[in-house]
Amino acid sequence: MKPISAALCLVVAGAVAALGGPARAQQTVKIGSVLSVSGPASFLGDPEDKTLRMYVDKINAAGGVAGNKIELVIYDDGGDANKARTFATRLIEDDKVVAMIGGSTTGTTMAMLPVFEGAEVPFISLGGAIEIIDPVSKYVFKTPHTDKMACEKIFEDLKQRALTKIALIAGTDGFGSSMRVQCTLAAPKYGIQIVTEETYGPRDSDMTAQLTKIKNTAGVQAVVNTGFGQGPAIVTRNYAQLGMGAVPLYQSHGVASKSFIELAGPAADGVRLPAAALLVADKLPDNDPQKKIVVDYKATYEATAKQPVSTFGGHAYDGLYILVDAIKRANSTDPKKIRDEIEKTKGFVGTGGIVNMSPTDHLGLDLSAFRMLEIKGGDWILMAPKS
Amino acid sequence: MSEFVQFLMSGLTVGAVYALVALGFTLVYTASDVVNFAQGEFVMLGGMVTVFMAALGVPLPVAALIAVAAAVCVGLLLYWLAIAPSRGASPVTLIIITIGASILLRGAAQVLFDKQFHKLPSFSGDVPVNLLGAAVQPQSFWVIGGTALIVLLLYLFMERTVLGKALRATAANRLAARLVGINTTTVMTLAFGGSAAIGAIGGILVTPITLTSYDVGTLLALKGFAAAMLGGMGNPLGAVMGGILLGLLESFGAGYLSSTYKDGIAFVVILVVLVAMPQGLFGRRSVERV
Amino acid sequence: MAWLSDRRAATLLVFAVIIAALPLVFPSGYYYRVAALVFVSGFAAIGLNVLMGQAGQVSLGHAGFFGIGGYAVAIGPAHLGIAPWAATPIGAVLSAALAYVVGRPILRLKGHYLAIATLGFGMLVALVITTESRWTGGPDGMPVAKLVLFGWRATGASTWYWISGAVLLIGAWIALNLAETPTGRAFRALHDSEVAARVAGIDVARVKLQAFVVAAVYASLAGSLLAMMNGFINPDQAGFLHSVELVTMVVLGGLGSVAGAIVGAAVLVTLPQLLTVFQEYENVMLGLIIIVSMIFMRDGVVPTAARLLARRGQP
Amino acid sequence: MSVLKATDIMLAFGGVKAIDAVSFSVAAGEILSIIGPNGAGKTTLFNVVSGVYRSDEGRVELAGEDVTGLPPDRLAARGLSRTFQNLQIFQRMTVLENVMVGRHLRERCNLFADLLRLPSVTRQNRATRDAARAQLEAVGLGTSADKLAGSLDYGACKRLEIARALAAEPKVLLLDEPAAGCNAVETRDIDELICRVAAQGLAVVLVEHDMRLVMKISHRILVLDRGRPLADGTPREVRDNPAVLAAYLGSHGAREAGRA
């Protein structure tokens, strides 16, 4: 009987050690992340996931942050907001993370927001819409430029070209419709008139019907497409197919990856879009403050992930380093102190721009963070900034 | 006029793909009474395998052949490993199995390939053809023509070959077919392989236009199922007509009514048709035998 | 005769004991959250099981009603000044009315044709919710006001655990009630033979409609509950994939079994949480588990388990 | 006074006349048998009369009222019950529950009361159960009450269908081949049962291939051939009718009928 009980005790002790062990093995700081690594928004979550893993390894190899190794916990919500909500609770209650980076989309972010706000754990979102940070929630930040900013950047460019009557074509996914709303709100300020609006489903494979209607609408001087995923590539191709090239086409920052140019092919020539400096890393003048960081990130990402860099992964990079800097400054793993330091982020140079946060601005980017790009011969051209 | 033709061609192109998926549904359903919700994944496999084979430097036609072969293998494996062992299970159980298969295939594709969108070069260039004032991509003719050819071949197969007749007999009455010596297992194997091949060919034809990624299958399965039901389940002609009609409904709905509600318009029409004709447009009206 | 009503009481007692005892082994609030999700999904699945398992009518659009319930508690307080507790029954009544109106024509359809018709209905609901963003917040969804009952605010995972657990018990009680009643027998009769049910004097159209409405109300209440629990609702809850998930719960757990619906919900809710260890192979594993369990338990987990137990009980 | 009366029923499937100008009537306490070769239209006629099919022409009267085209549940409510040639039992319910469904029309059925299982529901359920049990005893299935109906053998299923039909306490009972698949003992039980219910005042219409049974218990016989009425009369008249002998009974059938 005795050996059996002894063995049993050993097994139980082992199990306890195995369960409780890793968390206490050494000084670590636990950072959580919920990303849409699979599902319809996987082209956002996938590079974000790769970026976070890549750079956390790097940071740990270099000794960690403030003497702590980072332990990264990533969950894949598959784009499902309800699942994201559950993982958020899991990160807080079970994993006891000190901070969170993620929420690939606005939808998942908004579902998780109350959890982190309630638990008082800082949450740096990678979602696009302005509603994430407006109104400001104490514990919620974000790194990607807002859709409102994208609209404004596009409208600025339109104004420069003296184009005032536009058609809007929007994807009916969260990104597309949110930006559509923001553009509609921002248009009057720039004297832009939206003559006609069309939409397409996120999985539609042919937009010629919608574009034909726009083509046949009198007085359209430019077309703005708010959307992400494969939709804008098809819009661009159908646009060329219908011979609408004479009317300028604007895409959003939702297509900010080289793969858009590949998918749209020659049809992409002449398309303009607002995007972060990351896309034109090597074309930036040497004195550009972002030059070093974006060139480095691009090289690191493309070497490790073996796919073209996108601004989406860049947002995760920015989020991670804003957080790491804040932890260093706070010299603590107390979520509240980390939050305070994140809010004090000033002059942080990231892939998305230069971040200056404040208690009223949890994004910290202005319009200058956006560059207006044009596609020429299968590559991005940096448009001269407005004089 | 040019507008009308533009919508028509757009609807026909999209509809042709729906028709191929619906045809796959119908083929499997007639042979085995299984509604195969993994049907869309064959389309995905056709596109994705071709893309990745081509990326490895395999010439496009060879890559396409490999893709079709791969899809057929998956179709047969699905039958042998999942459907055949569940013979006699209730229809919903079988549906859930195929849904599980669809999740599995999508999950495997995201690991095996990647989560990016991909395209194939158009078979005969990207210069639009002017058709009565409408600009049509040359690839559209490939899609429509390819679909027509598949339908024709399938028709000849069903009408002219012993195996085709066996398939029709099995569809009409499985027990009777077995009694007259038809090997219904062969027929079902054939149906699963055939539907996979049809789906894969559809995927290859359409990828230059619609792009592809690991998860294109879900929506196509949904639309293909709707098309098959609209036409009348178990009737190949109905599947093709249902698919084309669905494509046209979406395209004309988007063009003339509302692009936002185009899918809604299509489903309202389907609902109205089914309420008026409970067996679909071309379905057999069955008399209840008691 | 007495043993049947005893079995109903026994089943409920088992459920109650499990709900009461589970927190004893919960290490953190996260487990309350997952369990509450199981209860809410289980509640919806019990309702769908009345329609599918008892009456034998399939619905691939049931998430539509789930969404209506969810958005009722979101839109009511936000736009119309209706308190969340009042918006819940309003949503249920709306769902019942819609189920009645839609069910009348489409429940004449059979099998796969009914599946596509209900699927179409669900798509339409999801489409309207996604599109009418002025009311619904569009594809990104909208926040839901906190449930306040007599000045008491329902927040926190454990609070919602008890609320959803209690609701689940009531839902199970009602579904179990049906078995030994004329309505319940009529449901099961038309499942086995529609023509014989009609000849026995059962107004089949009416009975199908009853099952459809009951299932719709269950789904709507579950939707309201989830929305209030999450403090958030988005169109995915009304979408096709959620409908498929609900059907999978019912079939996997076992058609016609109340316990099966709950087990099915438990499996499908907890699997994605357990499978996170497989990282990128998560979906492969999920698909594999669904296929394998349906092949080896074609009648669902609970009926198969019951049969095995019964066989073991025999000498 | 006939309880059930069908006049000039006509029904065609895709141009083929399955039933052509068939009329019959049956009075309370009477047993009418409908016979004819396979494909004569007997079951189709049953389906028309019980509302499963709609006839193209003709008229059906039940207890003096025109019920043409009414659906089966409405006909059942007016007192018409039937069994099926291809078994239509509720496989996944117990034998007792099958018969309880048969009493559906005798029960008050309120969805809300049922969902909450109010005391009145429980009370009524008890009454239904007792009545159903009695009905099962009457057909000799009392010991199988709690078995799953799907586990019964063919002959027992036939009797179960009869019990279920009788549970509704109908005025007219249509029996489609009640003795098919039954052994000699079971057949005798069934014919006794039929005679007994007819004696209680039910009108019974019978489709049956077992000529001995038909000749023994029928008061009148209607002979169909390829959808048309061939003869109508007492068993003796039908047996002696040369047209019937030629068209249907043949030498073997005639011999068998003669022995009955």
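In this document, chain identifiers A, B, C and D correspond to the written order of the chains, with residue numbering beginning at 1 in each.
Assume a contact is a pair of C-beta atoms (placed from the backbone, for glycine too) under 8 Å apart; a residue touches a chain by one contact, two chains touch by 3 or more.
The structure displayed is predicted, hence computed values, not measured ones.
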Separation of chain C from chain A in steps, with touching chains one step apart: 1
Graph distance between chain A and chain D, where chains that touch are linked: 2
Averaging each chain's Cα atoms, the one nearest the global Cα mean turns out to be C
Compare the CA centroid of chain A with every other chain's and tell me the farthest one. D
Whole-Å gap between the CA centroids of chain B and chain D: 47
Can you give the whole-Å distance between the Cα centres of chain A and chain B? 35
Between chain C and chain D, tell me the centre distance in angstrom, where each centre is the average of that chain's C-alpha atoms. 41
Find the geometric centre of each of chain B and chain C from their Cα atoms only, then give the gap between the two centres in Å, rounded to an integer. 31
List, in ascending order, every residue of chain A touching at least 2 other chains. 37-38, 172
Note: chain D residues in touch with at least two other chains are 52, 84, 88
Touching two or more other chains - residues of chain C: 131, 195, 280, 282-283
Enumerate the contact residues on chain A facing chain B in the complex. 37-40, 42-43, 46, 172, 198-201, 203, 205-206, 208-210, 212-213, 216, 229-230, 233-234, 237, 240-243, 259, 262-263, 265-267, 307
Chain C contacts chain A in the complex at 27-31, 33-34, 37, 130-131, 133, 138-141, 143, 155, 157, 226, 230-232, 234, 236-237, 272-273, 276, 280, 282-283
What does chain C use to touch chain D in their complex? 1, 5, 174, 177-178, 180-186, 188-189, 191-193, 195-204, 210, 214, 256
Within their complex, chain C touches chain B through residues 52, 58, 105-106, 108-113, 115-117, 119-121, 123-124, 127-128, 131, 195, 240-241, 244, 247-248, 251-252, 255, 280-291, 294-295, 298-299
Residues of chain B touching chain A in their complex? 3, 6-7, 9-11, 13-14, 17, 107, 110, 114-119, 126, 128, 135-137, 206, 209-211, 213, 215-216, 219, 251-252, 254-255, 259-260, 262-263
